[in-house]
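Structures incoming, each one as structure tokens.
In the two complexes that follow, chain A is the common piece, with chain B as its partner first and chain C second.
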Partner chain A sequence: MLLEEFISKLEGEFDDMPKGTLQPDTDYRSIKGWSSMHALIIIAFVDINFNITLNGSDLKATKTVSDLYNLVQQKRPA
Partner chain B sequence: MLTIKQYGVTLRRITPDDIELLRYWRNQQTVKMYMDYREYITPEMQKKWFESIDNKFNYYFIIEFENKKVGLINAKNFSYTNGFGEGGIFIWDTDYINSFAAVFSTLCLLNFVFFKVKLCNLSHARILSDNDRAIHYNQLIGYKLSPGQEKVYNQLYVLSLEDYKKTGNKLNKAAEMLNNGDGELIFEGTVSEKNLDEINAILKN
Partner chain C sequence: MSSFKTSNVSIKGLTVCVPGEVKSIFDYDLLSKDEQDLFYKTVGIKERRVARPEVTCSDLCEKSARHFFENNITKPENIDLVVFVSQSPDYFLPSTAVILQDKLGLKKTTLAFDVTLGCSGYIYGLSIIANFLQSGQFKQALLLCGDKSTISTYIEDKSSYPLFGDAGSATLLEYDTDAEDMIFNMNSDGAGKNAIIIEHGHSRHPYSPESDVIMQIEPGVRRGKKHLALNGQDIFTFALKEVSPNINETLKAAGKTINDIDHFILHQANKLINETIRKKLGIEKEKYPYSIELFGNTSSASVPLTMCYVLEQQLLKERLNLLLCGFGVGLSWGSVILRTDKLLCAKLFDYDKP
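Entry: the complex of A and B
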């Protein structure tokens, strides 16, 4: 999955998020109304779409959407 | 006493011994700014409030996370026709505001009400229209703004069992992953006239 598709699908997880809100360099914790519920949805999103388990430390190590995408790529089986 | 545990949080139903702690935090600016009622709460007012909610229709729990009391969660004004009239949560410990304490507590209580006791098909929440964070938080669980509430300041949201089944499925799975695969919901307590019959029934088993 390319970064653009990753972003588009991730935006779709947040029901009320307008398309284009997330960019590769967006600090995802700065999105309007951010809470731990968003973090949980990201973890579920990665699990459902990539069958990859993220934990709290994984998320803490990322800041931008691009970081998140790269983390998923790193964790994907070769 | 009723205690519910899941995902590393313990929800312990409040007793008279807790009400001064709750009053202290409820009077803090960081908490009351999100509440509809923002006047100073006196010990007498707090005592009256507790007397009004210390019954089988109202469930207030201290949230314990990582061995600390970090907040309060409630489901109140239960009726068999309307479910829980209002749910609410606040985390007073600033170290835990962005932790998973809130979301794990929310899932734990909803799982208990909807799936374990099967008390009702609806849960409601009141959220101030300028509290973006709480609005997003609740919408991500599946709460929807009730019809006719668009221009109201203290808005009523509703969560149906069906909507929670859709969102709760993936949220609970993610919560379970964060807890090393442990998603068991544990509850304990004693049969009491301050519990609904359905809750007493599962406590007996």
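Entry: the complex of A and C
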């Protein structure tokens, strides 16, 4: 999955998020109304789409949307 | 060996009792309106039932069990074994099951003991009772299962307070040579003990004035060490990692596939967790009932509660192949595949209604 598709699918997971809200360098925790439930939505999204289960410290090590994308790429089996 | 089977044991009836008082997530002011909406959409809880101060989990279980006696489903003298599975017993000691032996008018030859487990407790309770009953030396047993979780959550902790509801259940099991085998797969991982914990109040950290001190953990999360602390992300990751392999292992041990199971009844933890597990396993929505919207997470009562709430008519009228699964505090998790055949009752009722 390319970065653009990753971003567009992730936007789809958040209710009422207009397209283009997330950019590769967006600090995803700064999005309006961010809460701990959004972290769970990201973990579920990655699990369903990539069969990778991220934990809390995996997420802590990321800041931007592209960090998240790169983390998923790293964790994918070769 | 984490998979095993038991023979000659069937469930005869189920009852679940919930308190009458309803608390709505939309009245919980610690969450903003947007957070309330997101909570309802994501976690799936709109309401939950909260027991009055004087009502304990054992009271809810007692009323559930009395239903069997009052409706001639069995008699107190038929019960040889009673197991109370809960993390909210009446007292530090003695065992609540022993108190219930007396309150329910069961004979003194009844084996009675408590098991301290939460979200996985219903499956563990079934496995213990099925092992006792399968040799035929005991004829009937009561599994009393549930929690008054609201006694240990703190109102200013938005990470745990809005999740839990109170409920107590009773399941009547019987030695039955016509019964299908029950196939279990059970697991434990104490390395995850801090994911859900009440630190103070028992022997590791006895109750002290420090237990009462309310601390700010993070924004919106304030609690003391005597309160329940829950790490939502760790629990979430645990459930996504362990539950679907556990369900697959249980199916494999039973020689069955997803298509052979009529309903998958999972512990009602959090709708996002349960839906992610459902999608990973490829189970149809129709075979995967929920009760979390109106009752919240009711700990070890959530599996029987969901059965009574959603499947009452099918349980009474049909033969069903079910997979039941519990997972959470411990960490502890397990599943069982069993068959029910026209239960004598599968009733959910209100503690405060006659």
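List of remarks:
Quick note on the criterion: the second predicted complex is superposed on the first by the 78 of 78 C-alpha atoms of A that agree within 3 Å, B and C clash if a C-alpha of one lies under 4 Å from a C-alpha of the other, contacts with A are read in each partner's own complex, and residues count from 1 in each chain.
FYI, contacts are C-beta pairs under 8 Å (C-beta built on N, C-alpha and C of every residue); 3 or more make two chains touch, one makes a residue touch a chain.
Not measured: the values here are computed from a predicted model.
The superposition on chain A brings chain B into a clash with chain C.
In the superposition on chain A, contact is made by A:33 with both chain B and chain C. When the two complexes are overlaid on their common chain A, residue A:53 makes contact with chain B and with chain C alike. Once the two complexes are laid over each other on the shared chain, residue contacts for A:15 go to chain B and to chain C alike.
By the touch criterion defined above, A:41 lies against chain B and chain C together after alignment on the C-alpha atoms of chain A.
Of the two partner chains placed by the overlay, neither chain B nor chain C lies in contact with A:61. Among the candidate segments 40-48, 130-138, 202-210 or 310-318, the part of chain C whose C-alpha atoms clash with chain B in the superposed model is 40-48. Annotation: chain A residues 15, 33, 35-37, 39-41, 43-44, 47-48, 53-56 touch chain B in one complex and chain C in the other. Contacts from chain A toward chain C in the complex involve residues 15, 33, 35-37, 39-41, 43-44, 47-48, 51, 53-56, 59.
In the complex of the two chains, the chain B residues touching chain A come out as 98-103, 106, 132-133, 135-137, 139-141, 170-171, 173-175, 177-178. Put simply, chain A touches chain B in their complex at residues 14-16, 32-41, 43-44, 47-48, 53-56. Looking at the complex, you find that chain C touches chain A at residues 34-35, 38-39, 41-43, 159, 231-234, 236-237, 240-241, 270, 272-273, 275-276, 279-280.
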